[in-house]
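The structures considered in this document are given below.
Look for chain A in each of the two complexes below; its partner is chain B in the first and chain C in the second.
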Partner chain A sequence: MLEYRPGNSLLHRLNPLTKIVVAGAVIVCGFLLPDFRGPLVLLIAVLALAAVAGLLKRILLMAAAVLITLFIGVFVLQGLFHEGDGTALLSVGPVTLWLDGFQRALLIFFRIAIIVCAMLLFILSTHPKDLVIALNNRGVSPKLTYVLVASLQFTPQMQRRARAITEAQQARGLNVKGSWRRRIQALITIMVPLLVGALIGAETRALALEARGFSRQGPRTYLREVPDTTTDKVLRWAALVVLAGVIIWRVITWLN
Partner chain B sequence: MAELRNRLEADDGAAPEVLINDVSVAYTTNPDKEVLQGVSLSIERGSFIGITGLNGAGKSTLCRLIAGYIPHFFDVDMTGSVAVRGSDTAESGIGELAETVGFVFENPFDQLSGANLTVLEEAAFALENMGVPRQDIERRARASLAAVGIEDLADRDPAKLSGGQTQRLALASVLALRPRIIVLDDPTSQLDPLGAEDVFDVLDDLHQQGFTVVVVSQDLEQLAPRVDRLVVLEAGRVLWNDRPQIVLKNAVDQSYPLAVPDVVHVWHELRQRDLLPGAPEPPLTATEAVAAIAARSPATKAGSAFLDSEPATNDTAGGWARPDSSEVEQLYTADGTKGVSFNDVQYVYPGDVTALQNLSLNLEGGCICVIGQNGAGKSTFARHLNGLLKPTAGTVKVVGQDTAGMNVSVLARDVGLAFQNPDDQLFRRTVQDEVQFGPENIGAPDAEVATRANEAMELLGLLDVKDQKPHDLDLAHRKHVATASVLAMDTPVLVLDEPTGGQDAQGTELLGNLVRQAASRGKTVIVITHDMHFAARYADRVVVLAEGTLLADGDARSVFGQPEVLRRGHVTAPATTRLAAGLGLTSLPLSPAELVAELAG
Partner chain C sequence: MPQSGQRHRPSSAERSTAAPEQPHARTSRRSWNATDLSLIAVFAALTAAFALIPAIPVGAAGVPVTLQTLAVMLTGVVLGPGRGAAAIGLYVAAGLAGLPIFSGFSGGLGVLAGPTAGYLLAFPLAAALAGWLSTVAIRRARRLQYLLLFLACAAGSILVIHPLGIAGMMLNLNLDPGAALMADIVFLPGDIAKNLIAAAVGVSVHKAFPRLLDR
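Our next item is the complex of A and B:
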């Protein structure tokens, strides 16, 4: 399941904003660095952090599904068809693996692997409520952050309801199998109660939120403490400085 | 503001906590219908007020007035005024009032914020919004969880609690704001009996601690013994507003359609026959009734019988008289070709959770009530009746055909199943269209579709609203629409899942008549229910499930006469049966009339 895993590592204790800034900087750097060795180093760094947070195995398992497909895809497309300067890395019968294509495939693969792993690491190591608090403390509207967190719980809730509705309609003789026409008709009998139910629930929820003082203006406090430490500040600045350095370096090399 | 409140408290301690003064309300969606008409009501500080009445009497509207949702949230035309602790609700906002009035809604799940990962965070949510200092939040949130008895659930995911636990969490999360008044709009209609009792016990506690508690409920057996005053609304007006004994006495005297507790009926019948001289007020609990009857009617034959005999214990249960049940026994020996038969059925959910095991029984003919606690396997059982679930081992046959490999939509020609939540199925523009959906699906001829739909709507009292949108009706009527659409399928087997939840006395009676009529036409009617009164009154046969196995199976009298079995199933016998046991009667009356006949000799 793609959800927060409690822990007490350095990564868990960092301010969520710090994690967003660092992850963002790493991902952008991955795209700025010109050949595959840069992104490889960054990917190793991300995985090392995951290991520190005790999340390495979980992240590798979750990322595997996406990354293995991607790996095969880019290697076939790039490695076999991108000849570059024509240097062959390996030839087996009529099939040739080109060096240039191979390097290019590695570059694409590592860049995307960084995005997937960094985002997984962020989601798994960040309590959603901490993210809300960190954003609210930065002046983001509580209504906006409420939607952010509520939507996380919304999907499983809707899945449960959709299943209950499907069962209730089948019990009234609705056939959910068969021709496309019939399937579309069946979909309507499920979508309408689902949406109406969500709307009715929304009214109660709106009132319940009011009754809990949600729309009250003025300062809020939080049960959870989300400190913004010196470490956080140093890390954020360091990430931005490194990112700026890489950008300047790339611009200079590009101008030359 | 706080200063003002302190002053009010000091100056005017005797002023009512809530003062509703000549209020009339019409919703702008239906401006011609005044939901409340000239209602005046005064609620004293620290009192426990029960509000009841038929569906559509204006109970929810009254609750919304106290919390200020009317006029601040709903669009209404309103005259008159409402003052809470001396200040006019029209002049304060909902958020401000929330610190004085806590509100708990009917649906337990819709009122969770949906933005908190643990029960503790949910209870702390209101405090966070109010800007309570961080060091106080946890202490206060834990204290309110403790006040409703769920402090041990603090680290659980709120989305994974039971209905009763969720309802108590909703109560805790408004209690955290330390309101003085707590308003609950039918908080237990969607809960099982144990969950409902837990909620009522918590309310009792809060009342003892000095909170003013206002609760809407149809469950008068739970409500009446606890409240100081019972208010009955009728068509937007206050019909009665008095001590519960007096209100219930009025209700039985006038045969008013309230769900009057059985003990009150028994008291009334005995009084009618001059068997209870000098008991001017009805008892509200079985214990009170036992005391009243034992003390005052030693002259009756039964009176001396129960005074002489030992109180009923588990040992005597086996010796209780069994009724003539030859007819019922026929049902068990039926071969299942007209109903549903289970043969050594086992069902295991993914993850190795066994929900049903060694279940063998034939369900055929008459009204069969299936009872048992939450988690007993009732809903898994129901889904086997129409092939939504297929047994992991063993076989289920519907009208003689094995459900294995059969499509639910085909089985629907033989089994109609109406689920508990009507909103899971209503989707058409009019009630009539909705009711026709079932028969259309199973391929009934057009002419017959309309006839069947009309019959079903007539039986459920829906003809007056047949052109309305189903979603504009209240919950009780929406449930009737869902039931009608399954009834109109005219299947040999009819399954109703908790049909009486949220119904008033009239609605329950309507369903009872429907069940009887269907059974008399030779259908098999299977009712899955928590409502023991319904089972006692209408069941030809009662099946008790516990932990996925068959705990008891027999006619109502023999099942309710086995206290030990009921205890194992966490099921409570109907009040009349408990009263009879308390009086030491060896017979097993199922209705007040039977009990009174027994007592009168």
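Our next item is the complex of A and C:
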């Protein structure tokens, strides 16, 4: 589900670190801006970027799945129960939608929508290998990046394996329903092969890694190139400057 | 199974020559090799996979019953304290960083403000405690290993997970100690069952890979 979509847009070609920095700055700005219009503009900008990368439809579908319950919850809670200064936006029978609550709901919703959309855009437009290499180029230990990316890739694999083992044991007559005792025994008959398989798999992977010189010290080269262009540097610094500006502005308004 | 053969135990001479070459290697007495790292990754993934199995929402505070705690205990029992805590720590860190791998597909720093915060932060410590106790048990005891592993898991859950979980609910939900204890106590029977499973699986796994904790 959360998989890289190949493409050749500007976004795909950017250095993964640039994308992380910009996404982080956008998310933090969304939380710093006091009014719902600021986050709305940021959200539109994120979606425009998604459109440029050709990922708009996919991101909207995935974000909708996550956000729809939040949307309803926030609007019911804030819109109907937060009166604020008592200005009504809409009144239908006994139900009143308050202006203040409605605006607050919009603010909360846009902030969370920015997080979801920016993260999705980053994940869908970044090849995991590029992320690993970009981090390694920055001096992050290859061991750490390996563990991070490997555990992400193993998770769906583990789920499939658990399902397969359960079905295999059921085909041999395992009963997963019934008394507590039965269920505990059933879980054990599923867990043992799952863990033994995982341990053997870990060992196989370790051998494959060592055969490629994983533990070797010294400089490394990579088959894939992840360039850090001037565009990347400019974008990173611009994002940080804008973020610093927003922070300073908020501190000043807060002090006044 | 070359899970931890001689090559994992560098002689002191090897260690002293290797140390100056790796300035940013771990400062502990040995650094993890590819096998250890693969094991950590696999068990972090296992924990995530278990946490995502649909949960039974139990308890007034909305903390779900999942196989997550089973995976935490198993990781400790199978990998020992260091690697176990690293695997669970990796899982918790990845979840807090925003990946939807906590129970109910939640994730992100917002979880820290929710009812499950105490439990999540307790997991790496619990894996370390259960791992340390079971390492001692596997190495020293020839008999009653099942019982000892169960006690190791029970220590992890009763001494670490439940107190920190209760503290988390008291802080985040403004519950008084009694109410938090009542909200927590419903998980105890399930936890005992999960600890029994973890101990049984742990005994089988250590029988199959006798040198897993040999380091």
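The working rule: the second predicted complex is superposed on the first by the 248 of 256 C-alpha atoms of A that agree within 3 Å, B and C clash if a C-alpha of one lies under 4 Å from a C-alpha of the other, contacts with A are read in each partner's own complex, and residues count from 1 in each chain.
Rule of thumb we're sticking to: a residue touches a chain if its C-beta (ideal position, glycine included) is under 8 Å from a C-beta of that chain, and two chains touch if they have at least 3 such contacts.
Quick caveat: nothing in here was measured; it's all calculated off a predicted structure.
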One more residue to check, A:Y4. First (chain B), second (chain C), both or neither? first
I'd like to know which partner A:A171 touches here: chain B for first, chain C for second, both or neither. first
Of the partners chain B and chain C, which touch A:R216 in the superposed model: first, second, both, neither? first
Identify the partner contact of A:F31: answer first if only chain B is touched, second if only chain C is, both if each is, neither if none is. neither
Touching A:V196, do we find chain B (first), chain C (second), both, or neither? both
Scan A:Q159 for contacts with chain B and chain C and give back first, second, both or neither. second
If touched residues of chain A are counted for chain B and for chain C, the larger one: B
Partner chain in contact with A:F71 - chain B first, chain C second, else both or neither: neither
Would you check which partner chain A:I188 touches, where first means chain B only, second means chain C only, and both and neither mean what they say? both
Considering only the touch criterion stated at the top, classify A:F122 as touching first (chain B), second (chain C), both, or neither. neither
Would you tell me the residues on chain A in contact with chain B in one complex that are also in contact with chain C in the other? 146, 150, 153-154, 156-157, 188, 192, 196, 200-201, 205-207, 209-210, 214-215
Taking the touch rule as given, give the residues of chain A at its contact with chain C in the complex, in rising order. 115, 119, 141, 143, 146-148, 150-159, 162, 180, 184, 187-188, 191-192, 194-196, 198-203, 205-207, 209-210, 214-215, 217
Using the touch rule from the top, collect the residues of chain A that touch chain B in their complex. 4, 127-129, 132, 142, 146, 149-150, 153-154, 156-157, 161, 164-165, 167-177, 188-189, 192-193, 196-197, 200-201, 204-216, 218-225
Given the complex, residues on chain C that touch chain A span 1-3, 21-22, 24, 32-35, 37-46, 48-49, 52-53, 70, 74, 78, 90-91, 94, 98-99, 101, 108, 193, 196-197, 200-201, 204-205, 208-209, 212
Per the touch rule, the chain B residues reaching chain A in their complex are 67, 69, 73, 94-95, 98-99, 102-103, 105, 107, 109-117, 120-121, 124-134, 137-138, 141, 159, 170, 173-174, 177, 383, 386, 388, 407-409, 412-413, 415-419, 421, 423-427, 437-438, 441-442, 471, 482, 485-486, 489
